[in-house]
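See below for the structure under consideration.
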Amino acid sequence: MKSRDGFEVINGLLREEVNRRAVLRALGWSALGAAGALPTGLPGLAHAQAAKRGGTIKIGIFQNIDTLDAHNTTFITACAIHNNIYNGLLKITSPDGRGVEFKPELAREWEIQGDRIHVFRLHKGVTFHNGDPLTAADVKWNLERVKDKQQAPIHAWKLELLEAIETPDPHTVKLHFTKPFPFLRVAFTGSTGRAATILNPRAVKERGKAYGRNPVGTGPFKFVEWKEADYILLEKYPNYWETDGAGGKLPYLDKVLLKFIIEPSTLVAALKTGEVDGINNVAPQFVADLRRDPKLNVFTAVGGNWRCMHMNIAKEPFSDKNLRKAVTFAVDRKEILDRVEFGEGILAHGPISPPMGGFYDPAFETGRNGQYYDLEQAKALVKQSRYAGGAEATLLSINSGTAPRQAEVLQAQLAKIGLKVKIELADSPTFRRRWLQERQWDLVQIQDLDPDETLYPELHSGETWNAGRWVNKDFDRAVEAARSENDFRKRKKFYQDAVRLILEDAPVAIMLHVNEQKIFHKYVKNFQMIPANLINMHAVWLDKA
Amino acid sequence: MTRFALSRVGQTVGVLWIVSVILFVLMRLIPGDPVLIMLGDEFTDEAYRQLRAQLGLDRSLLIQYLVWLGNILRGEFGYSYISHASVADLVFQAYVPTLWLVIASLILGTIIAIPSGIVAAMRKDSAWDYGSMGVAIVGFSMPSFWKGILLIWIFSVHLGWFPAMGYVAPWADFRESMWKLVLPAVTLGTFFAGLVARIVRSSLLEVLDLDYIKAARAKGVGQAALVYRHALANALIPVVTVIGLQFGALLGGAVLTETVFTIPGMGRLTVAAITTRDYQVVQAAILVGVLSVVLVNLLVDISYAFLNPKIRVTA
Amino acid sequence: MRTLDGLTVESPGVTVPTPAAEPGAAAGIGRWWRRFARSKGAVFGLAVFLAIVVMAVFAGVLAPYDPLTQGVGAPLEKPSLAHWAGTDSFGRDMLSRIIYGARIALIVGIVAVLLALVAGVTLGLVAGYYGGVLDAVIMRVMDALFAFPIIILAIAMMAIMGFGVTNVIIAVGVGFIAPFARVTRGDVLAVKEEPYIEAARLAGIGNLPIIFRHVLPNVLAPIIVQGALRVSGAIITEAGLSFLGLGPPPPTPVWGSMIAEGRNFIVMAPHISTIPGVALMLTVVGLNLFGDGLRDTLDPRLRR
Amino acid sequence: MAPLLEVRDLVKHFPLDGGMLTRLLPGRPGRVVHAVDGVSFVVEPGETLGLVGESGCGKTTTSRLILRAIEPTAGRIFFEAQEITGLSPAELLPFRRKAQIVFQDPYTSLNPRMTVERIVGEPILVHRLVASGELRARVRTLLEMVGLQSEHAARYPHELSGGQRQRVGIARALGLGPRLIVADEAVSALDVSVRSQILNLMTALRERLHLSYLFVSHDLSVIRFVSHRVAVMYLGRLAEVAPADELFKRPLHPYTQALMAAIPTIGDGRASIFDQPERLLEGELPNPIDLPRGCRFAGRCPFRFDRCAEAEPELKEVETGHTVACYLYE
Amino acid sequence: MTEDQSDVILEVRNLVVEFSSEDGPLRAVDGVSFAVRRGEIVGLVGESGAGKTLTSEAMLRLVRCPPGRISGEVRFRGQNLLALDEPALAGIRGKEIAMIFQNPGASLNPVFRVGDQLLEAMRLHLREPARSLRERVGEILGRVGIPSAATRARDYPHQFSGGMAQRVMIGIGISCVPSLLIADEPTTALDVTIQAQVLALLRSLARELGVAVLLVSHDLGIISQMCHRVLVMYAGRIVEEADVATIFRAPAHPYTRGLIDCLPRMDGSARLGTIAGVMPGLRSLPSGCPFHPRCPLAEPRCAEEAPKLRSAGDHHSAACLLVGT
C-alpha cells in the first residue's frame, strides 16, 4: 500500500484547495482505548441562552467543489459540506477549537479486538433522508464500494488492507484487516476521511452517475439543490437521529445555503454587507480588519499543516547539501508570516506542528532544534558549498492564493545569499505536471499536512511524490516502521528520528504552520470550530429577530 | 433576402466547424490533463496510464476529435471529468445567468450610449461633446474587474445601496434578480456604452454630412426631424452591426465580471474548467459561447440587411 | 522604333501653374500637426502617450528606487514625500514600480499589436487581394478566431505556453489577429478596385510588388489607427489575465498585476490598486484619444 | 498592312454573385450580366477609334477585355497579328508594353503614396527599359513631353491639379513606348479649359509618336474631335461603326441619331432642343441581365417594326467603311 | 428697369462665403450679386471650384457653419434669408425656394420609401388633409414622368435609376409649387439621353408652373439650351452676366471667350482653343483680377486692380478692366 494521503500543495491552505486531500491529524492525541465509549450528544449546549429554531444560514464558500459523492471527491471543501449531509462511522471533534479528537459517530461502540479486528456497533433508529433505515448491510455495501477501484478509484487504497467484512447482526459490523491499521481513525471519519462515509445504497444504485448531484445520507441536513458554481442548498432533515444535550431535536436551522464566492474581496464584501452570515476562509489581508469588526466572530486556529519548500536534490545546484542547508537558514520565516500571511499562523521549525500533541517536540518552539533564520550562518554555508560565487534556480509555484506572494518574498530572501531565483507560475494541472512528472524545477512551494501521512510519500526514496529525489535509507526505515505501528510511543520515536534526519540532510526548507479561519456574524450561535476545515451546522442556530 | 440569409448560414456552418477544430487543438495543446486532477493525491504512473485509457485520452488526437465531434452532433455532451455532472446541464445552467448579464449590459449600455452619442454629435466640440465622450472613454478604459470591485466596495459595502454579489433567476424573484444585476450590468454596460457612444457619434456625424440630409434640409425639414428621423434611421444601421460585434466582447467581459460578482455563468464555468482541464466542459462551454457569438452575428447581419432596404429589397 | 527621346511636344499653354498648396514632406507633417492639434483630446492623448514613452525609456533615470527591491520603505505606506505613490506590501516603492510598469505596458501593448498587425495584415492582404477560395478559407478562420472572446483565447494560450511577459504578448497578439485581418481585407477589397492598381497590373507589374508597393501603403493608415487603439486593448487584456492569475510572474512590475494584487488590500491600503489603476486608465484614455486624433487626420475616409 | 488590334466576337458575361448554398438551390439557372455580347472591330496603326455609348453599354468592359485586364467569356483578340487571348501572364509582358491605358479619374488612377517620379518610373523599371541610372532622365523627358516640369517629379498626386495628374497618367502610359493607348473616358472628369489642353496634348502625341488610340467616351463632341472612326455601342453590342465625319454627317442607326439629338450644343439662344421632347429618346436602358429578344434597342426605337422583335440585327456594311446593325438598312 | 424690379423674386447682394482654415479665412464666394426674375431660367456657369455650388447652397444657408461663414444679403420677398431664424427659413425652404442636387441617387434618404419622402415635403408646407396629399404623390410622380407612379411610390430610392431619382427630386422640388427652383448640376451624373429627358422635363415644368430656375452647370451647351440669362463665375466671383444669346455670340470677358473656344465643335475643327493653366486655389488667389495670370490679354494693371462688374452693353456686364475701354 502506498499512502499518499495527507499530501497537499500550497494552494491548499492558501484557501484554494483544488484537489487537496484531507486533513488527517492528531493521531497521537487520543490513546486507542479511549475511543470506545464517548457520549454521542453534541457538546456545548449547556449555555444560558436557549437555542432558537428555524432560519436559513448562508455561508460563503471560497471554492467550488466537484461532487457530493463523498467517496469520489478530491476537494477538501467538499468534505466540509458532506459532513452536513452524511455521517461517518467516526467523526472529528474539537473540545477546545484547537486540537482534534476522533470519536465514533454512527457507531455506538467501536471495539478493537487484537490489533487487526475492528467492531462497530451502530446506533439504532438512524434513517437515511429517503426513509431507509441504516443497517450493517448498508455499511458493508459502502465499504465495499470504497474498496472497489472501479467505483471509488480515489480512495480504494485506504481499504486495501481490509480483508473481510462480517455483519453478524443488522447493527454490528466486524472488519478484518491484514495488518495493524493505525490510519483507520482518520480514514473512517465522515468528513475528510471519506472511506467510511455512509451513502444510501439505493440512491447510489438508482441515480448512477447523477448521484454526485443528488446525494442521500443520514446527516442533519438533506440535499435540496445545487446550482453549479452558485450555491448548494441543504434543508433540515426532520428525522435526524442526533439530539442536543437537553435531548432536543437537531438540527436547529431550517436551511443551509452554501454560496460559492471565489473572489476574495467579494467574499469579504458579502460578509460585511450581510449577504452571507459566515465565510469559511479568506485572504489573510482581510483578517485583521474583520477581527476589528464588532459584528463578527472570527474563529481561527493553526491547522495541522506545514508549509515548506522542497529542493530538487537530483539536480544542480541543490544536489549540494551545504547549499540546501544555507537555504534553510536564509528563509526569514517571520517575514513570510508577516508579509504573506499577515500574521495568520505561526513559524514552523520542523514538520510537526504544535497542535500535533504528542508528536510535537516543545524544544522546537525556540527554533534552535529545528530550522531557523540565521543569515550569517546561511552565508557561511554558501561559502562552503560549490556555489560560493552564486547560483541560479527556478522556483515553481502554483498561481493562486498567496503562493505567488510567498515566492516573491523567498526570491528576495534567497537573493541575499547569492541565489538568483526565477519564479515560474503555473495553474494547478500544469503545476502538477511540472512538479511530479517533468521535475524540471529546483525549488517548489508546497503545503503539507501533518507528518504521519506526508513524510512517507514525499520523502521516502522512490515514491512518486518524492519529486525532489531525496534518498536517505535511515529515513526510509524510520517512516516505514511508523506506518504499521499501533503503539503511540514507538511511533513518536520513529517520527522524531525521521524529522532529525530531515533537518540534517535538508531536502526541504520548512517555513510556517498557517491558520484556518471561520468567520461568522455574531448572531450565528453555537458554531464549533474544528480545525480540520469543517463547517458543521449540526447545532448552529441564528439569534436574529 | 433568402439568398443572402442562406449564404450567411452556410458561412456560419463553416466557421463553427473551424471553431471546433481550433478549440479541440487548443485544449489538447495545454499541458497537464484532467487525469492529473482526477487522480488528485492518488497519483501513480500506473494509475495515471489506466485512467487515461479509461477516458480515451490515449487515443490519437484525430480519433478523439472525431469521437467528440460525433457526440456533439448527436447532441451528447457527456459528463464532466471532474464533477461527473452532465455537461449539457452544467452549460445550460451557466448559460442563463450569462445571457441575462449580457442582455442587461447591452440594454443599459445602449440606453446610455445612444443619447450621449447623439448629444455629442449634435453639439460637436462643445463641453457636452467632450464631457460625454470623456465619460465614454473612461467607461471602457478601466479594467472591468477593478471597476467591479470598486463598485462593490463603494455601493455595497460603504453605501449599502446594492447587493455585492450573486445571481437570482428573474423568474424566481424578479425584483431581487434585477437588483442584483445592477452593479454587474453597470460594470459591463459602461464598457460597452463607451464603445457604442463613440460609434453613434461618428456615425451620426458622418450621416449628417451626406447629400440626402442636405436635400432634406432644402425641403424644409426642421433640425429635430432632420436628426431624429432622417439621420438617426441611417446612422443606427452601422451601430447595430457594432452592437452585434460587441456581443463577443461582452461575453469575454462577462468572464471577469462574473468572477467578481459571483455570477454562476459561462465565464466562471469556462475558466474553472480550463484550470482543471475538464475538456468535456471547456469544449462544450466555449462551443456554446462561440455558437452564440456566431449566431448573434448572423442575426445582426440579417437584421442589418433588414434595416437596410438596399439589401432587403434587392437581394 | 521611334524613340521618345529628343521629341518635344508642344506644351499647351505657357506654364502649368501648380495648385495652391505645395507642401513637401515636412510641410505635410506640419499640416497634419495643425489638423491634429485642433482636437484638444488628441493633443492630450499624445501628451499622455509621450509621457508613458518617456517613463518607459527613462525608467532607470526617473524611478527614485529600484522597483524590485523590497523594504525601501515600510510596507503599505501611504503616499508621502519619500514615496510619492506610497509603498506596496513588500515595502517596494510604488512610483518606481509604476514607472517601470509603463515600460512593460508599452512593450506588451506595442509588441502584441505589432505581432497581430503583421500576421493580420498579411492574411488580410492575401485574402483581399487574391480573393476566391483562399479568401474564403482565411476569412472563415478569422471569423472563427474572432468569435472566441479574446480573454478566453488568451487564457487558453497562457495555459499552453506558461506565464510570462512574452507569452502574454503572444496570447494577446494572437487574439488581435482577426480584427486586423478583417480591417485590412476590407480596405484591400476597396483599394484593389482603384484604377492605379489596374494601371500597375496593366504595366505588367507582378502581384507581390503590387501588394507591397501599391496596396499596402494605401491600406496602412486605418491599420495604424486600429493599431493605436488596440494597444490599449492589449494593456487591458493583460490586466484581466493578471486578475485571473495568468499574468506575468512576480516580481515583474506590471500595472495589471499590481491592480489585481492590490485588490486584496482594498481595506488595508486602497492606494495599492488605485494608483496603478489610475495610471492604466490614463494610459488607455490617452491612447484612445491619440488613436482618435490619428484616425481623424490620417484616415480620410473616417475623417470627421 | 495588318491592323494593330483586331477583336472578334468578344463576349463577356458576369455571373451574378451568390454564395455556395444559393448556387446549389434548385431552379435557379446561373443568371449573368451581358456586359459585352459579341463585339468585333479593328484599330489600325496611327488611328483613333472612338468608342461611344452611355453608361452600362459595355464600353469600359470592352476596353478592359482588350487589355486582358479581365478575361473574356468568348472571342479572340489579336494584337499586331498575334493572338493575345490565352497568353500566360509572362507571355503577356511584351504586349503589356505595347498596349497601355489612361484612366478616367485622375484622382484615383495615381497611387497617392507615390511620387510622380516613381509612378512614371516604376513600369519602366519593371520592364528594364533603361538602366536604373538613366531612369531619372527618362522620367524627366516623359514629363516634359506631357507638359510638366522636372520639379513635378518629386510631388505626390494630391499636390497636383486634375489636369496635371492626367498628364502624369499619360506619361506613365507613354513610358513603356506603347503602340496602342486605351483612353477610358480620359477627359470626362476634367473641366472644360483643362479638357481642351489634354485633348490637344493627346492628339499631338498621337501624331508625333504614331500612336493608336481606342478612345472610349460618352461624350460625342469629344469623340468627334479625337476620332478617325467611331463605333457606337448600345447594351453590349455595336450599333454602328463609321468614319467620324461620315457618322456625324449621316448617322444611320436610330440610336446614334437619338444620341446626337440629345447633345446640348451651343445654340443661338432662341430654340431649345429641350422644348422638343418628341425628338428625345424615351425610356431608359433595359436591364442587361434579362435582355429582350431581338434588337436590344427596339424597346426605345421610334422606328421599330415587327422584325426588330424577332432576331438581333448583325452589323452590315451599308457604305464603304460604314456599318450599322439595323434592319432599316437591309 | 422699374418693371423689371417688380418682377424680381430673389435678389442676392454681395454674398460672401468664407471658411476658416489654418491659413486664415478663405473666401470661396466673393461678393456675388445677382437677381432672379419671375419665371426666368438663369444659368450659373463655371468650372469646378468656381463657387457655383456654394453660392447656390449659401442662399438657403445649407452651408455648414462653422466652419463656413456667410455674409451679404439674400432678399426674397423683402426678407433677408440670411437674417432669418432657422424655423422661419425652414418654412421657406422647399415651399418658396426648392433645390435639387447633383447626385440624385444620394439625395434621397435610402431608408424611406420614395413616396413618403415626397409626401413629407408636402406635409411640411401644405395645410391639406393627409389623404389628399397622399393622392397628390401619385399625381406628381406621374407628372415628372415616372411610369406606374402609384406602385413606384412604395419603392426605395436604390430601386430607382439616376434619371428616375432625379425626376423624383424634381417632383419633390415642385410639389409645393415654389417661386424658385435651384438646380445644382442636376444632370451631371446622368447619361446624355437621360439628361435630355430630365432637362426637357425641368424646362416644361418651369414654364407650366411659372417657377423661376437657377440652373447651376459647368456645361455651356446645357446653359445655352436651357437658360434665358447667364452668370459666369470664376474664382468665387461673377465675371460676366448677359442674356443667353449675347453671351455666346459676343462674350465680353476673356474667360468666357476662352471657355467657349475650348469646346470641341461638332463640325470637327482640328484644334481646340485652350486657357492656359488652371483656376487658382483659394489659398493662392492672385492679386487684382483673379483671371489675369491665365488671361491672354492681361495688362500690368490687371494684377493690381480687382475689376468690378461693369456694363458691356444692354443687359450685359463683365468684370474686366478691358471692357468698355
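We call the chains A, B, C, D and E, going by the order they appear; numbering starts again at 1 in every chain.
Note that in this section contacts are C-beta pairs under 8 Å (C-beta built on N, C-alpha and C of every residue); 3 or more make two chains touch, one makes a residue touch a chain.
No experiment lies behind these values; they were computed from the predicted model shown.
Taking mean CA positions as centres, which chain lies farthest from subunit D?
A
So which has more C-beta pairs touching, C-D or A-B?
Here the pair linked by more C-beta pairs in contact is A-B.
How many Å are there between the centre of subunit B and the centre of subunit D, using C-alpha atoms for each centre?
One centre to the other, that is 52 Å.
What whole-number Å value describes the gap between the mean CA coordinates of subunit B and subunit C?
Centre-to-centre distance between subunit B and subunit C: 23 Å.
Go ahead and note the Å separation of the Cα centroids belonging to subunit D and subunit E.
Chain centres of subunit D and subunit E, defined by C-alpha means, are spaced 32 Å apart.
Could you tell me the distance, in whole angstrom, between the mean C-alpha positions of subunit A and subunit E?
90
Do you know which subunit C residues sit against two or more other chains?
Expected reply: 12-13, 15-16, 19, 21, 159, 263, 266.
Could you tell me which residues belong to subunit D and also touch two or more other chains?
Touching at least two other chains: 161, 163-164, 197, 200.
Among the residues of subunit E, which are close enough to touch at least two other chains?
274-276, 278
Can you check the complex and tell me which residues of subunit D touch subunit E?
Residues 54-55, 161-164, 191-197, 199-200, 203, 218-222, 224-225, 244-245, 248, 258-259, 261-270, 272-277, 280-282, 284.
Tell me, which parts of subunit B touch subunit C in their complex?
On the subunit B side, the touching residues are 11, 14-16, 18-19, 22, 26-27, 29-31, 130, 133-134, 137-138, 140-146, 149, 153, 198, 202, 205-206, 209, 248-249, 251-253, 255-256, 259, 270-271, 274-275, 286, 289-290, 293-294, 297.
Sort out for me which residues of subunit C touch subunit D in the complex.
Answer in residue numbers: 1-2, 4-5, 7-13, 15-16, 18-19, 21-24, 194-196, 198-206, 209, 213-214, 217-218.
Which bits of subunit C are touching subunit B when the two form their complex?
40-41, 140-141, 143-153, 155-157, 159-160, 232, 236, 239-240, 243-244, 256, 259-260, 263, 266, 273, 277, 280-281, 284-285, 288-289, 292, 302, 304
Give every residue of subunit C touching subunit A within the complex, in rising order.
Listed in rising order, the residues of subunit C that touch subunit A are 68-70, 75, 89-90, 159, 162-163, 245-246, 249-251, 261, 263-268.
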